[in-house]
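Structure record follows, encoded as structure tokens.
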Amino acid sequence: MLEVLIFATLNGLVTGFLLFMLASGLTLIFSMMGVLNFAHASFYMLGAYFAYSLSLYFGFWTGLIFAPLIVGALGALVERYGLRKVHASGHVAELVFTFGLAFLIEESIQFFWGRDTKNYQTPDLLDFPLFTLFGQEFSAYRGFMMAISIGIFIALYYVLTKSRVGIIIQAAITHPQTVSNLGHNVPLIFMGVFGVGTALAGLAGVIAGPVLTTFPGMATVLGSIVFVIVIIGGLGSLAGAFIASLLIGLLQSYAIASDVGMPDLLNLLGISFDRSHPLNDLWTMNLPQIAPVLPYLLLVLVLIFRPTGLLGKREE
Amino acid sequence: MALLKKSSIWIAFLVALLGLPLLFDSILAISILNQMAIGIVFALSYNMLLGQGGMLSFGHAVYFGLGGFLSVHALMLIEYETMVFSILWIPLIGGLFGLLAGIFIGSFSTRKAGTVFAMISLGIGELIAASSLIFSSFFGGEAGISGDRTFGPTFFGFDFAQNIEIYYVAAVWAFIATLFTWLFTQTPAGRMANAVRDNPERAEFIGYSSRKVRFISFCASGMFAGIAGGLFALNYEFITEENLNAATSGRVLLMAYIGGLGYFIGPIIGAVVLTLMNSLLSNYSELWMLYLGIMFLLTVMFLPRGFAGFIMMHQVAWVRGNMKMLIKPYIITGIPALLFTACAIVLIEMSHTDDEVFHYLGLALNPASPITWIVILAIAGGAFYATKRSLIQLNDAWETANAIPKEEEA
Amino acid sequence: MAILSLIDVKKSFGITEIIRGVSLDIVEGEKHAIIGPNGAGKSTLFHLISGRYNVSAGSIHFKEQQIENKPPYEIARMGLARSFQVTNIFQRMSVFENIRCALFWSKGYGYSFWHLLGKQTELNDEAMHVLEQIGLADRAKFPSGELAYAELRALELGVAIASGSELIMLDEPVAGMSHSEAQNAVELIRKITEGKTLIMVEHDMNIVFDVADRISVLVYGEIIATDEPKNIRANSKVQEAYLGEVPSA
């Protein structure tokens, strides 16, 4: 029991930190420009694919460094030549644009890399168990993922609170109008934030690709979850996104690891149903089965009862 | 007489719907027509939300899918003679359940429009799609559920085994749904939906609860989506989780947007164009989804009001009798633009083919030879440059055609 | 007989108190002007009365009923209409549609989805009539978002007065208009509010003294005087607050 709990917690944290890498970029972009970037997870997927291709020729570590840079540059270009143009047509158009972009990126990936799953592997250097607990191994690569994510988290925190750019960004988040009055080049900041945000997503893709498999659906798998996170955390709140990332990561991990379900609950209550009962699916449901549904359930509940999210201040 | 004039466009629409299978009677054509009829109803229901009501939904397939699932269940009930009624009424069942789902979900999701609404719709869409896989006795899991439409009472001897028979059913329903969605826009509730879309706050100061106005549009939209789902069930006789998941929600957004939000005819155009692309293009190229994605992004960027908006842009020039000023510039820009598109397509296709010889527009190209690539790239470059240059004169022509005549200005 | 009465109304945003205990009775049928320097809280007071903001303390009665913290649409249905200082209309709809929407509730259409608007002759005529009154009849089909500034202000006024509410509140209705446009607007306001109650925020003292039966002076969230125009002019506290801005004539 204890080992299940420990490993579920560790895996939940790995996922949670990974999710935060995506959620932080998404939150920054939203706070600055008011755009919920639907294509954010697509940049994550691009990161994995670029890194895969680079790793074939130059090895994993080159991919780790250059793939996020390429993705970030692409992101900046998208902002400069796409999003900025659509901005004039309003928020709905922007949201729809990023939605279309997600669609196009997925199709382009199938065009360039094909539909099959890519054999993107963890580097040999990290191919050993970090430690063994109760006879179960925790791979070094997962430890590495966690280290990178925590490193990014600390760096982000440092940049946002200590550096000049960070202070401008923070000001832009809380007082969007005033920053341009102070003479800062807001379009350039926008482009930069979009680039950095997508680069972070790319980095997440690079490190997640080998474990979560690199295939054209990987953006869809994670995309809506990341959305759920930034909304549960509160739109525009980095701290909220952090809490929500860990929450969702752990929640899913525990739900998958547990093997309790309705039958246990019914047993406990001393009720039993015939297998031919029309609601049989409901009576036999178990937690691992509904794990994928949980984040959305949480999202709907949060939006109904606390539309600003956990730590959010603004509704729109 | 005035009534005749007003209804003439509707009569023309009905005649077109019913007459099309006489012109195009192949199996493929009938299947495309069926999809169009479904798509029109679905896209119109989406426009009711986004175009008329300002609610951007990423989960509209829920109402379509639930309507469809209930319709297939109704088909089963007919088949097992639990209930006996003509399958003509199946779309009504779909509509009813779309409406019920709309009432339930709308009761909490319409409090706000904007991002919050969009996200709730996304969450609910994902929630229901994922749950449908869990409740497999009702939704049939990955495989979905299927029925048979031929068991109900016949209608004047028709047993609806043929697709063409279903097409006429779908056409009539599409007509009715189109008529009613249009009539809805002509009522106080429909107009207030526009008002709330534009300015939810001010609407409250003229006596209306924005939330309730949204709720009404939302329910109506759910109902029409459900009718479309019922038509889908009749046409295909099966339905799967895919019909209520995010992919279907995305498709209807694409249809309505490309067609043109805010114009009643927009989603109809969108449904027709996308269905045609879907069925025809997919025969020619497995990359058609890529083209669709590119087209969609270009539409969002350059034609924010869709195809319908593009057509309506010419209203002023038309009224002023200046359309002929635009014909020549359009041709001058159009030719290099088409050439560029053709080159882009061939480059994309060639890079994706394993054939020795690639046939395109009557040409036999050798994808292995660098010369082929260089030549096409050069043509593409030239065409791009020519398009860009000619855009300047098109722009000038546009300005003159739309300019206010001197005497009117004074 | 007070149609509207405010009792010790307060409003704070965060820790700053913007309205600091306002009590005011508006007599049925009077034309009441609220004046005061920029940032005094005049618009905020309007928002509190019309339900846009909730009050922090105190109570507001309209026609004997408590209305504070009610949603705006309930207050509007009771017969209180208002305009906004910053133009606030339905920008993608035509000028005619703007006015017609403002008429729906008072004409009893509610949330009807069974009346076809083309057939509602009386409603449509009434909307046209309002358009003629505000001088926008020839703009009826024009998209309202593309109107010129003065026309927008006229439409803003039109949306507020269309429904013929008993109490009409106008927040700087003629601000930004040219002299002659303002003159027309004032005539219109006078005509339309005949027999009704009007509360108006206005900076132009000539207009205020011309239109108002009584004037309240709001300074820094408090009403320092409520009186007839000639007494307000003579009030030393008001003169102090306005640093001699009050025209002496």
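For reference, chains read A, B and C in written order, and residue numbers begin at 1 within each chain.
The rule is short, and it goes like this: a contact is a pair of C-beta atoms (placed from the backbone, for glycine too) under 8 Å apart; a residue touches a chain by one contact, two chains touch by 3 or more.
Values in this document were obtained by computation on a predicted structure and should not be read as measured data.
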In terms of Cα-based centroids, which chain occupies the most central position? B
Going by C-alpha centroids, which chain is farthest from chain B? Tell me that one. C
Geometric centre distance via CA averages, chain C-chain A, whole Å: 49
Just give me the whole-number Å value for how far the CA centre of chain B lies from that of chain C. 44
Report the inter-centroid distance (CA atoms only) between chain A and chain B in whole Å. 31
For the complex, give me every residue of chain C touching chain B. 50-52, 71-73, 76-77, 81-82, 84, 88-93, 97-98, 100-102, 104-106, 109-118, 159, 163
Residues on chain B engaged by chain A in the complex (per definition of touch): 50, 54, 56, 58, 108-109, 111-112, 114-116, 118-120, 122-124, 126-127, 130-131, 134-138, 246, 250, 253-254, 257, 287, 289-290, 292-294, 296-297, 300-301, 304, 348, 352
Within their complex, state which residues of chain A touch chain B. 36, 82, 85-86, 89, 91-93, 95-97, 99-101, 103-104, 106-108, 110-111, 220, 224, 227-228, 231, 235, 278, 280-282, 285, 289-290, 292-293, 296-297, 299-300, 303-304, 307, 315-316
Taking the touch rule as given, give the residues of chain B at its contact with chain C in the complex, in rising order. 183-184, 186-192, 194-195, 197-199, 201-209, 212-213, 216, 220, 262
